[in-house]
Each structure stands twice: as structure tokens, then as C-alpha cells.
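Each of the next two complexes has subunit A plus one more chain, namely subunit B in the first and subunit C in the second.
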Partner chain A sequence: MEFVGKSVNRVDGIKKVTGSLKYVDDIKMHGMLYAAVKRSIYPHAKIINIDITKAKKLKGVVDIVIGKDFPKRVGLYLEDKTFLAVDKVRYRGEGVAAVVAKTEELAHKAVDLIEVEYEELPAVTSGVEGLKEDAPLVHPDLDKYKWAPIFFPKEGTNISNHYKLRKGNIDKGFENADIVIENDFYIPHVQHVPIENHSAIAKMDAEGFLTVWASCQSPFAVRQALSVAFDIPLNKLRVISPAVGGGFGGKAGTTLEGIVIPLAMRTNGKPVKLTYSREDEFVNSFVRQGLHARIKTGAKKDGKIVAVKNEFIWDGGAYTEYGVNIAKAAGYASTGPYDIENVHSDSICVYTNHPVGGPFRGFGMCEIHFAIEQNMDIVADKLNIDKVKIRKINGLKPGGVTATGEQLDVCGLQECLDEVVKDIEYYKKEESNEPNKVRAKGIAFGFKAPSMPNNVASSAIIKINEDGTLHLLTSAQDIGQGSDTVLTQIASEILSIPPEKITIKTGDTDHTPYEWQTVASRITYCAGNAIKLACEDAKNQLLELAQIKLGIYKRDLELKDGNIVSKIYPDKKVSISELSLGLSMPDGSGIHGPIIGRGSFIPPNIRDADKLTGLGDKPVAFWTFGCQGVEIEVDIETGKIKVLNVASCFDVGKVINPKLIEGQVEGAIVQGLGTALFEELILKDGKVLNPNFVDYKIPTFDDMPKMIIKFVENAEETGPFGARGIGEPSMVPAAPAIANAVYNALGIRINSLPITSEKILKALKK
Partner chain B sequence: MKYKINFNLNNEEIEHYIDPNRTLLNMIREDFDLTGAKEGCGAGECGACTVLLDGKPVNACLVLAIEVEGKDILTVEGLSPGNKLDELQISFIENAALQCGYCTPGMVMTAKALLKENNNPTEEEVKEALSGNLCRCTGYKKIIKAVMDIVEKGKH
Partner chain C sequence: MKNFQYFKPKSLKEASEILSKHKGKAHILNGGTDLIIRMRDRIIEPEVVVDIKEIDELNSIHLNKHGELIIGACVNLNDIAHNKIVDENYDFLSKAAHMVGSSQVRNRATMVGNICNASPLADTATPLLALDAKVLVYGAEGKKEISIHDFFIWVRKTCLKIGEIVIGIKIPSYSNDILGDFQKISRRKMVDLSTVCGTVLKNGDDIRIALGAVSPTPIRLRKTEGFIKGKELTEEVIKKALEVAVSEISPIDDIRASKEYRINMTKVIIKRGLKKIRQKNLALAEG
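After this line comes the complex of A and B, so read on.
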């Protein structure tokens, strides 16, 4: 292939290295006004009264809205949220009123003048607590909410979704086991920490057309939610995502867009901007849900695992419109990438009075694998079986069956394991030169499927310009992962036109075609397929015209270097540019008109799982499998862990751009390292205690390990050129691989993240 | 009350009036529309707002605008005048040393300052110089490679 599989430079490289790309907060408009939000000081409280009189009198304040002004509930999967609290606040930091003023400073001053009277309510501060019978109810009206029928909220409780998986005979499975062990794990809340904080601008014109500029991953999903919340027809609501400075899921749903819109409706056409501070980003955007995981495993002496019973209790936070699907996705994947006959899983999303849980790179998989992959090592040790071997015995293979009962035709997991064992030199014992330092290695599997509704849609348009260059229109968003480049390469390959002759346009609901969301590691696959189809459509139109022009049947024609060329007589050709506006006939008339290719795509044949058993033979588009190995060094005097080496290998089906995919995996490894060693949103009585970079550390240059990145390419039959997603899966094994290395170094099991020096020292003292 | 200040911004002499409480970052972004420098934290912790002040990298969010009186400011926009990319910018593109791009201008400016000071840094020195710049996308490896490539090229 000419363009696919090549390390093409990023098509958005120049505008990014020069700083000329305008992100939302960089946009200035004439007459711009600024918003600020009054936020709750309680995690759970009734709103008795909001007094805005003083604030409204402040000179420069244009208007103020409160939750009651727009009480309609919205949500992606479960309609449980309003953009400002209406009757009560459900987390500390929830917006109760929003001000628009001439300057940011004035808006903040006005916010301070708003007086809110609360009646404090007892708060739910963990998922486990939220399940107790006497727990305060975060959403007492849950039964009145609307939700997609694939979710199972339980009225009169804090359960917003309870996914159950029942496969085989669990009791018999345990009876037949030689050993049964049970382990508990805890994964705290973390935050995405994109370097760009959320930002949005809204502007309404005299005809009632509303335009929103948002740093969002999914302009169409944002448009849909805003349309419902504010009763704006879709043809009058335009969402533009000009650039996204890092998303990782945090910018997937709707957050502050719903705050600027009602304000923009009251400013007589003036635009309203709201940009989150770093503290806002930590508390008031999305966070990764906390998880309590319990895994009970039954295994035979020979290493075969025969039964798994597990319980995942998710601390979903105040609103779980998005989080319910994390619980479901975790349920589908509840055994990890292992072939196990008897499975009994409960994955429960619980409302708490914590910041709002939402999608975060890995979507449940990073969290459950921290438990599953440590548990696998524990089982191996208990059986006195090698940790690679136990994964060989139980790990999925072609023909194997997943937890939901899906049989796999393709699965490169074992190949990835072999590669990682080799690259990390798993069996080679390394010694530190320093007496207080211990080195060890650890491995972990990871797998993930795109966690999305079955019938999510993508579309693309390809327009051929008069000179044979192209415009590619899609609403897949480049949030850093490199989709602009990879999708351009796909178009290049089909139409045999180099990337520099293609301009990709994204993220404008008025002008670029529908794309569900840029999430779930689905863009190369879903948008890539739509683009492939659009290009094939354009190609077919070109061939139809060329066969008339050249008098050669289209079967014998191909696209090459901007021409349609005879495969048999290469000198017979017509240029794409000549056909771009249609074909001119010898008599001077013309036919067809401009070449515009159209592609629409929905992943084929994904079906709902059974409502009672959770079983399904095709519940997801595909699984991406892989493995990570690490070598660490622990200082037993300080407890400090240094990750020295990492080897990663994933079966991605087809590498479209080697240097970009490598970069994506490197980023995932280091992000995973952060969650493993130091990232935690510290919550006390519902309050985030560390919403800044001093107290919440993310990895820096100093933390970077040496990395060996490899790929296996067993084609995904339905993927463009065989490709499947990688953005999230590559982070999944990072934390458990490190945890397993810690055990191999010191013989201590740290069952909760992050694995801090304090935890190591405390465990060593025992 | 606004104060009059004079400074050199991207090789242009500027006379400007500014409130004493405004930061350098706020001034270059709002008054001069130089939005390459970003506010990632507003507390000098992330480096996304890095510009060069008399050749030294500073967090523009921590510098008061009035402090730049008589000084030279170089922002990422001044690094590539007239669409001609700096070799470091080219190296970032070729090494795929950027993803979302939000930290990139700050990263490039910090690296530029290092190379101006020391045209033959070791990998460790590059890491140390850049350790105040946070990136959440790349895992840093390719950024180091982008800088080291320039160092290597300089040796020939």
C-alpha cells in the first residue's frame, strides 16, 4: 500500500507547533461577555432559596440564570442531569446559578454576591455505602427518569444500573475447583487532566440560531443534549469544535456547554464565554469513577480457571447519565481476556455525592484489570504455576469464548504475550547496583471493546475539487490521537491521492456530516469505514465516467497518481481533475456533475445482550487484545518506585501510521503509570482535597520509562484495511503490570491504587 | 490606573499601557492576540504558557506584565516569522512529538531556550530542562527525540 502503513507526518502538525491553531479559549469575538458559576458548598443539600438581587445590581452584570429556569433533565443514556441544580445539589461544586458579565472579574464578583440558602442532607460518600438499605437517596425520583432500555436502574435505591452476567453453572464451577480464593481491590477516582481546560462560547442571533464553540470530543452528541435541554430544533443549533487540547473522555459528554447557552439566550446576540480553571477541571468536569472490586476465583491444580464470581461496585458520582455504560462495559469484560466456563458477575453503578463520573480512557477496563490481572498472579502463586503459563492456559485464543459467550475468530493475545515476555526479558533477573534497591518485572493482559450503543452511526463526504485535490468532511475529532492524519491516509489510499492534496474538515454540525462521538477507540474503525465508503463511492463515480471517456470497461481501470488509468494499457488515462465536475462529451454537452462521495457506516450485526443473563454472541464490534510488561526498581528505604522499562504489544489488526500509533501507546503507558503510582482525587466528605498540580501529580519527563512498542496484525474483518482501535486498550494493562512487579519485587500485594511510597513502606513494616 | 511600559515583543518595539495586576500571559493573549501560549493551570505548574523573557523560559502566567519593562519577549509566534518553521518545530512534526498540541508551544519554547544556552545537551539535561512542562498525550519520549535530533544534527 502506498499511504496506509506509512509514518506520514501529522496533517495538523504545522498549526500546532506554531501555536496558530485556535482552541476555544483562544477565540475572541466582538462584544464578548464572560460567565462564572456559583457552586455548591455542600455535597448533598436541598436548595431552599437563591437570592440574586445583590449580584444583579452589580454594574457590568448582564444577567443571571438559576437551575429552575431550565429544569429539563438530559443525559446520554439516562436522563438524570440538569446543567444547573434545580431542587437540590448532589455534589460539592455543582453549579446552582450562572452569571454573565462584561468581564470575567465582574462575573466572579457577582457570583460571590449570590446568596444561596441550603438545607444540608446526609451524603453518600462511597459506592458501597450507597448500596446500604438506609443510605440517603441521591435521586429519589429515579423511577420518573427516562433511560435507554439496555440499562437497569432500580427505583428507591442509588443503583443507576445493575448489569448481571450469568454464564454456565457457577456453584458447580466452584465445587469442581481445587482451590477457591477471594480478593478485594479498590481503585480511587482520578481525573483526565487534559492540559486544555474545558471552554465553551455560545452566541444566539436575532433569528434564534444558536452557535456553540466547545472544546468537545463529540459535537453531534453535544448538539443533541443541548437541543433537548433547551428546546432548540437541531437546524437552529450549531456546535463547532475547533480544536481539542486533550480529551481522554473528559470532553466526551456535555458539561459547561449547557451553562453558556441559557446565558447566551439573554445577551441580545452577544457571545458568552466560559473557560474552566484547573480547579474546575478537577472537580466540575468529569472524573473517572471509583471502583470496589471483589473477585472470587475457582481453579484446578493444573491452572485451569473454572469459575469466576465478581462484583464491581462503581462510585458513579452525582449523575451517571454516562457512567451507567461504564458499568455495562465492565460487565461484558468482567473476566478479563480469559476463557472461563462459569461466570457470575454483577456490575453496579451507584449514585454518590461525589463529582460526576464519566468516560475516561479505558472506560472501566483500566479499573477492572487492576483487579483481574493482580488476581491472576495471585491464583498462579497459589497454584505454584508460572504467571506467563497461567495466562497461556486461560488467556483467550482464536476459537475461544468471552465472558458473554461470544466466540472469537481472531485473537492475537497469545502472540502479544510472547512478544512482551521476550521484549521485557521476563525471565532474566536483574539486580540493582544499590543495596537498598530491588528490581523486578511484572506482566498484565489488557483488552477492550468499543463501549458504545450497537447502532452508532458515522458518515463522511469527500468532495473532489476542480484541480483534483480533495476536501474530506467528517465529524471525527482529532483530540490529539491523530485521527485527522489517519483518516486522511485512508482517503489517500483509496483514491491514490497523497495526503498533502487532501484537506480534512471536522467538527461543525452545520457543515460536517454526522458522527456519533469521538470516544471508545472507535474512530479509526467507524469513521475510517465511513471515509473508506465515501472514497469508494467517489472512486466508482470516477470510474463510471472514465469508462465512457476512455472506452475501457471500469473493471480494467484503476486510480493512480491522480489519474484513472487502464490496468492493461497504462498510457490510456484521464486525470481526476478532468472528471471533477463531470464528463464533457465530444459534442460539448456534459454529464454527471461534480464528484461527491458519500459514506455511511454502522458497525455490522452488534446485538443486545440478553436482559436476564447478560449473555450475547455479538455484543461489541471487536475486541483489541494486548499485553504489557514492566521492569521496576523499588527503593526499600523510601518506598519509591521507578518504572525502568516497559514493553507493550497489541493486536491492532493493521497499523495505519506507525509513528502516530507508537506515540499513542507511549502516551497511554505513561498515563497508566501515573494512575498506578500517584494519581488519586482525594475525596473527604465529598470534597476534592487536591484539585491542583501541586497536590495531584501527573507524570513528568522524570517519570518516563524506556519503552518498547510492538504490534501484532491479525486483521479485523470489518475494519478499514483490517484496523481496530488502540487508543484506550493500550492503557489498560499499565497499572496491574506495575502492581504485579511490585509483588514480584517485595512479596507484597497492594490492592488499591495508587501504589504510593507510603503504602509500600507501611506494607514493608508489617 | 494603567502604567506605560516599553518592551520588545517578537522583534517589535512596543509601547503599551497596562493595569498593574495583569499577567504577561493575559497581556500577550488578550492585547496582542498571541494565543500560542496557553493557560493550563494559572499557577506556574504546567508550563503551557512558557515564553522567553530575555532568552530565559518563564511561566507567563506568573509574570506581571509591568515587569517586562525594557525586556525582550519571544513567543512561539515569533519563532517562525513569515511561515518559516524553526528547525525545532520541524523536528517536533517529523518525530510526532505532539498530539493534542496544547502543551506544544510551551514545550517548543522551553526546548528552544535550552538549545540557545547549551547546543549540546545530554538526554538527561533535556529531560531536566523540560521537566516543568507537562504533556498528557505523548508520554514524552518523542519530545526528547525531537530535541535530541536537533542536537545530533548540530554535531555534523
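After this line comes the complex of A and C, so read on.
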């Protein structure tokens, strides 16, 4: 292949490196107005009264909206949220009113003048607490909400989804086990910390056409939610995502877009902008849900695990329109990448009075693997079995069966394990040069499937220009992962046109075709397939015309260097540019017209699982399997951990762009390292105590380990050129691998993230 | 951020007059890395901001005729950290300067700003305390020197009066080779605030210890120093010294660390600092 599998430079590289790319907050328009949000000071309270009279009188204030003005509930999977609070607030920071004014300063001043009278309610401040019978109800009207039928909210409780998986006979499984152990883990809330804060602009013209510019991963999902919330028909609502400076899930679905629209409806055509502060990012966009995990394992002496009983309790926050699906995804992946006969899992999403939980790179997998993979090491130690060996025994293999009963044809997990064991030199003991430091290694598995509805749709359009260059239209968003480049490469490969002759256009619901969302590590796979189909459609049109032109049957023609060439007589050819507007016939007439390829794709044959047992033979598009090994050094006097080396290997089916995929995995390793060692939203009585970079730490350049990154390529049958997703899976084993190395170094288990120096010292002193 | 009046005087006299005139409502702007953030967060809302960066005499770092090191108020931390005189004579001071914030911050932030902020965990305060530095101040009555030991009053409070401007820091001339060790324990190695920081310094037979983030201001541990004085640094002496040190500090629990962890880190910093000195003593004895 000429373009696929090559380290093509990023097609968006120059504009990003030079800073010439315009992000939403860079956009300035004539007459632009600015929004600010009045936010709740209580985690849970009834709104008694909102007095906006003083604020409205402030010169320069254009208008003010409150939640009651637009009370329609929306949500991706469960319609439980309004963009501004109605009747009560459910987290500290929730918007209760929004102001639009001539300047940002005035908008903020007006916000200060809004007086809100509350009646404080008792708050739910953990998932476990929220499950208690006498817990205050965050959503007392849950039974009146609408949701997709694959979710299971329980009215009269704080449970917004109770996912159950029942496989085999769990009691018998434990009876047959030689050992049974139980472990608890806790994973706190973390935040995505994208380099670009959320930003949105809305503008409504005189005819009621509304345009929204948003830094979002999913312009079509945003359009859908806004259309429902504000009763705007889709043909009058245009969402543009000009550029996204990092998403990681935080810009999936909708967040602040719904705040600017109602304001823009009242400004006589003037655009309204709202850009979140960093503090807003931490509190008022999405956060990763907290998790209490309990795993009970039954194993035989020979290392075979025969029964697993899990309980995952998610701290979903104030609204779980998106989070319910994280509980589901964690549920059907609840055993980790292991072949286990008897499984009993409950994954419960619980409403709390915490910031809104939502999608975050890994979509539940990073959290549950922190528990699963430490637990696996604990089981191995208990059985006195090598930690690599226990993964060899129980890890999934081709022909193996997942927790939901899906039999796998392809699975490169064991190959990944072998590679990582070799690359990290797992069995080679290293000594530190310093007496107070200890070195050790750890490994962990990780797997993930795209967590998306079964029938999510993608589409693409390819237009061939008169000079043989192309425009590729898609609504897949380059959120930093490199999709613009990889998708261009796929088009290049099929149409034999080099990437520099292709311009990719994304993220404009009026002009680029439908794409569900840029989430779930699904873009190379889903959008890639749509683009492949669009290019094949265009190619077929070219061949049809070329066979007339050349007098050679299309079976014997191929595309090469921008020409349609005979496979048998290589000098017989016609250029793609010559056919771009159709074929000119010898008599001067023409046929066909411009070549436009179209491709539509839905992943094939994903089916609903059984509602009672959760069992299903094809619940997901594919699984991406892999392994990470780490070497750490711990200072036993200070508790400081330094991650020295990391080896990562994943079965990605096909590497489309080696340089980009390596970068993506490096990013995943380091983001995982951050969650392992530093990151945590410190919550007290519903308040985030560290909504800033002073006290919320992410890794710096200094924390980068040496990284060895490898791939296994067992093709995904339905993937473009065999490719499957990698963006999220590669982060999944990062934190547990470090936790396992900590145990191997010091003999202590840290069952909660982050693994701080303080926790290490405390455990050492025990 | 609230609107404010901005002045950029060219002389100390002018600057001091503006500050006096707007009593308590004016704030000096130096590097701005703390001030601007506190203004943005509306913790302080000065009506007048007096930028002192264009006052010539505040921008140099040099040895005066008495061999004392003068660090001007507006010299940024990167320039201090990379200054040859500082690095050759007081490498621990240069290390402390290097450990403040990020490189971008250090291109703006100054050492004088760092101490005027009077944060209990100011990284550059402990080497200055250990060096018995003087704070050079300009006020209505002219210039004066304040001992660094009298400078910090409480959390974010210095002894400065309205209208006074710190124009620099003076480090006395030492006849001995100074051996010092700056250590910083933080959650993340780079670009973080100190959980505990400290300087352990040897000047002749004199051992000095200063710590940050263990009491309302950065402090010298005089009792511990007194205990060590004249003693050989055996394991036993070090162990006992650590106990004395713990009795001298009053760390707090906060979201960055527990009191207990700060006590433990105090011990680690002092132990490591003293052992470094012991090693040097041994090397000197042998060499």
C-alpha cells in the first residue's frame, strides 16, 4: 500500500504549530455580545426565587434568561438535564441564570447582581451514600423522564441505571473454587483538562436560522440536543465545530451550547459568546465519574479463575444523561479481558450532588481496570502463581468467550503480553543506585470496545475537482488524535491521490455529512469505513467512464498515481482529472457529470443483549486488546514515585499511520500516569476544592517516562484495511500497571487513586 | 478583573509618592505572576497599580564594593538562577530560584516578589533566611535595610509600611566557603508549590536550617541549630536534631498534604541536608 501504513505528516500540522488555526474563542464578530452564568452556591437546594431586576437595570446588559424559560429536558441516553437549573439545583456550580451583555466584565457584574433565594436540601456526596434507603433524592421525578430502553433507572431511588450481567452459575462457581477473595477499590473524579477551554458562540438571524460555533466533538449530537431543547427544526439549526483543542470526551455531547442559544434568541441577531474559565472546566463541564468497585474472585489452585462477582457503584453526579452508558459499558466489560465461566456483575449509576459525570477517555474502562488488574495480581500472589502466568491462563485468546458470552475469532492479547514482558524486561531485576530508592516492574491488561448505540451512523462525501484534487467531507472531528490525517490517508489509498492533493472538511452540519459523534475510539473504524465506501463509490464511477474511454473492461482497470490504468497494458490510461466532470464523447457530447462519491456506514450486526442476563453474542463492534508494563522507582523516605520506563503493546488490527498512532499511545500512557500519580478532584460537601492547576496536577515534560510502543496487527474483519480503535484502550492499563509495580516494589497495595507519596508513606509505616 | 489605574514611574521617589497618595488602595506590580491572578480571582482589587519595572536601579544583579551580592527587585528568577555569581557562590539559592513555578513564570517572577508575597512556602525564602540576607527598602525617609528575619510577619504579611518599596536583596559577604543544600518536596517535581521546602547550610562551623510551609512564615530552626552546634554529626545527633526540629514547627493539614506528612518531610529534608554536610566534612578531613 502506498499511503496506508505510512507516517504521513499531519495534514493539520502547520496551522496548529504556527497558531494560525482559529478556535472558537478566537472568532470575533461584529456586534458580539458576551454571556456569563449565575451559578449555584449549594450542592442541593430548592430555588425559591430568582430576582434579576437589579441585574437587568445595569447599563450594557441586554437580557437575562433563567432555567424556567426553557424547561425542556434533554439528554443523550436519558433525558434528565436542562441547560439551566429549573426549580432546584443539583450541584454546586450549576447554572441558574445566564446574562448577555456588551462586555464580559458587564456580564459578570450583572451576574453578581442576580439574587437567588435557596432552600438548602441535604446532599448526596457519594455513590454509595446515594444508594442508601434514606438518601435524599436528586431526581424525585425520575419516573417521568424518557430514556433509551437499554437502560434501567429505578424510580424512587437515585439509581439512573442498574446494569446486570448474569452468566453461568455464580454460586456453583464459588463452591468449586479453592480460594475466594474479595477486594475493594476507589477511583476518584478526574477531569479531562483539555488545552482549549470549552467555548461556544450562537447567532440567530431574522428568519430564525440559528448558527452555533462550538468547540465540540460531535456537531450532529449537539444539533440534535439543541433542536429538541429549543424547538428549532434541524434545517434551521447549524452547528459548526471549527477546531477542537483537545477533547478526551469532555467535549462530547452538549455542555455550554445550550446556555448561549436562549440568549442569542433575544439579541436581535447579535452573536453571543461564552467561553469557560479553567475553573469552569473543572466544575461545570464533564468530569470522570467516581467509582467504588468491589470484586469477589473464586479461583482454582492451578490459577484458573472460575467465578467473578463484581459490584461497581458509580458516582454519576447531578445528571447522568451520558453517564448511564458508562455504567453499562463497565458492566459488559466487568471481568476485564478474561475468559471466565461464572459471572455476576452489577454496575450501578447513582445520582449524586457532584459535578456532572460524563464521557472521559476510556469510558469506564480505566476505572474498572484499576480494580480488575490489581485484583488479578492479588489473586496470583494468593495462589503463588506468576503474574504473567495467571494472565496467560485466564486472558482471552482466539476462540475464547467474553463476559457476555461472545466468542472471539480474533484476539491478540497474548501476543501483546509476550511483547510487553520482553520489552519491559519483566523478569530482569534492576537495583537503584541510591540506598533510599527501590525499583520494580508491573504489568496490566486492558481492553475496550467502542461504547455506542448499536446502529450509530457515519457518512462521507468525496468530491473530485477538475484538476484531479479532492475534497473529502466528513463530520469526524480532529480533536488532536489525528483523524484528519488518517481519514485522508484512507481516501488517498483508494483513489491513488496523495494526501497533499486532498482537502478534508469537517464539522459543519449544513455542509458536511452526518456523523454520530467523535467518541468511543470509533472514528478510524466508523468514519474510515464511510470514507472507504465513498471513495469506492467514486472509484467505481471513474472505472465506469474509463472503460468506455479506453475500451477495456473495468475488471482489468486500476487506479494508479491519479490515473485509471489498464492492469494488462500499462500505457493505456486516462487521468482522474480528465473524468472529474464526466466523460467527453468522441462526438463532443458528454455523459455522467461530476464525480461525487458517497459512503454510509453502520457497524454490522451489533445486537441488543438479553435484558435480564446481559448476555449477548455480538454486543459491540470489536474489542481492542493490549497490555502495558512499567518500571518505577520509589523513594521510600518521601514516597515519591518516578515512572522510568513503559512498554505498551496493543492489537490494533492495522496501523494506518505509525507516527500518529505512536503519538496517540504516548499521550494515553502519560494521561494514565497522571491519573495514577496526581489527578483527583478533591470534593468536600459537594465543593471542588482544587479547580485549578495550582492544586490539580497533571504530568509535565519532566514526568515523561521512556516509552517502547509496539503493535500487533490481527486484522479486524470489518475495519477499514483491518483497523480497529486505539485512542482510549491504550490508556486503560496505565494506572493499574503502576499500582502493581508499587506492590512489587514495596509489598503494599494502594487501592485508591491517585497513588500519592502520602499514601505510600502511610502504608509503609503500617 | 476590576478596572484600575496604571502607573509606570521612572524613579523610586515618584513610585513611593503614588503609593503613599493612594494609601492602601495601590499595589506594586513587579513580575505580576501573583498579583494578576489574585486580581483576576478578585481576591484583591487595587484601584491603582504601580509598575516598578522601568525604574533603572532595580534591574541589576551584582557584587558591591564590600563583596555583598545585590539582587535588584526586578531581576527575574530565571536570570537569578542562571547568574554566574549566584551559581558559583550560592548554588542552593540558584536552585531555589529555579524551582519556582514554570520557566514561563520565572521569566516574569522575581525573588523580591516571591518574598514580598510572604507565602509560608516561598521557595526562595529559606536560602535567604539561611544566608541572613537583608531586604533593601526605599521609603519616604529614604533607604533602609531590614533583616530578612524581621521581614515576614505572618501568612502574606510583611513588615513593610505603605509607600515602602523593596528595591533589592543583599546577601552578606562570607569569608568561608558556604555549603548549602536546598530541597523541595512537592506533589509533582516541577511546576508545583512546596509541600515542604528547606535549606540546610554550613558556614564554617555554623550550621543553619530554614524551612518553608511548616509554619505561618518561612522560619529558621534556631533551637535545632543550637542543639547541633559544636556536635559531630553522628546518626544519633542527627536523629535527636530531627526531634528538636519537629518541636519547632507547626505545620497544618491542607489539600496539599497532611500535617503528618509535612512533619515527615521536614525530617527528610533536614536529615538529607545534614548528611550532605557530614559527607563534605569527611571529604575535607580526608582531602
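Rule of thumb we're sticking to: the second predicted complex is superposed on the first by the 766 of 766 C-alpha atoms of A that agree within 3 Å, B and C clash if a C-alpha of one lies under 4 Å from a C-alpha of the other, contacts with A are read in each partner's own complex, and residues count from 1 in each chain.
Just so it is clear, a residue touches a chain if its C-beta (ideal position, glycine included) is under 8 Å from a C-beta of that chain, and two chains touch if they have at least 3 such contacts.
All figures in this text were calculated on a predicted structure; none of them were measured in a lab.
Trainee: Touch check for A:V694: first (subunit B), second (subunit C), both, or neither?
Mentor: Both subunit B and subunit C are touched by A:V694.
Trainee: Check whether A:G667 is in contact with subunit B, with subunit C, with both or with neither, and answer first, second, both or neither.
Mentor: In the superposition, A:G667 contacts subunit B only.
Trainee: First (subunit B), second (subunit C), both or neither: which does A:T638 touch?
Mentor: The second partner, subunit C, only.
Trainee: Taking the superposition as given, does A:D702 touch the first partner, subunit B, the second, subunit C, both, or neither?
Mentor: It touches subunit B and subunit C both.
Trainee: Touching A:L761 in the superposition: subunit B (first), subunit C (second), both, neither?
Mentor: Touch partner of A:L761: subunit C, not subunit B.
Trainee: I'd like to know which partner A:T103 touches here: subunit B for first, subunit C for second, both or neither.
Mentor: neither
Trainee: Looking only at subunit A, is it subunit B or subunit C that touches more of its residues?
Mentor: The partner that reaches more residues of subunit A in the superposed model: B.
Trainee: When the two structures are overlaid on chain A, which partner does A:I682 contact: first (subunit B), second (subunit C), both, or neither?
Mentor: In the superposition, A:I682 contacts subunit C only.
Trainee: Check the residue A:I479 against both partner chains and state whether it touches subunit B (first), subunit C (second), both, or neither.
Mentor: First partner only, subunit B.
Trainee: Residue by residue on subunit A, keep only those touching subunit B in one complex and subunit C in the other, then list them.
Mentor: In subunit A, positions 694, 699-702 sit in both the subunit B and subunit C interfaces.
Trainee: How about subunit A: which of its residues touch subunit B in the complex?
Mentor: Those residues of subunit A that touch subunit B are 7, 9-10, 12-23, 25-26, 28, 192-197, 243-248, 277-278, 479-482, 659-660, 662-664, 666-671, 692-694, 698-702, 704, 707.
Trainee: Considering only the defined contacts, which subunit B positions touch subunit A in the complex?
Mentor: Going through subunit B, the ones touching subunit A are 29-30, 33-43, 45-46, 48, 75-77, 79-80, 85, 89, 92-105, 108, 127-128, 130-144.
Trainee: For subunit C, which residues are in contact with subunit A within the complex?
Mentor: 1, 3, 185, 187-193, 255-258, 261, 264-265, 268
Trainee: Can you list the residues on subunit A that touch subunit C in the complex?
Mentor: For this pair, the touching residues of subunit A are 105, 637-638, 640, 678, 682, 689-690, 694-695, 697, 699-703, 756-758, 761.
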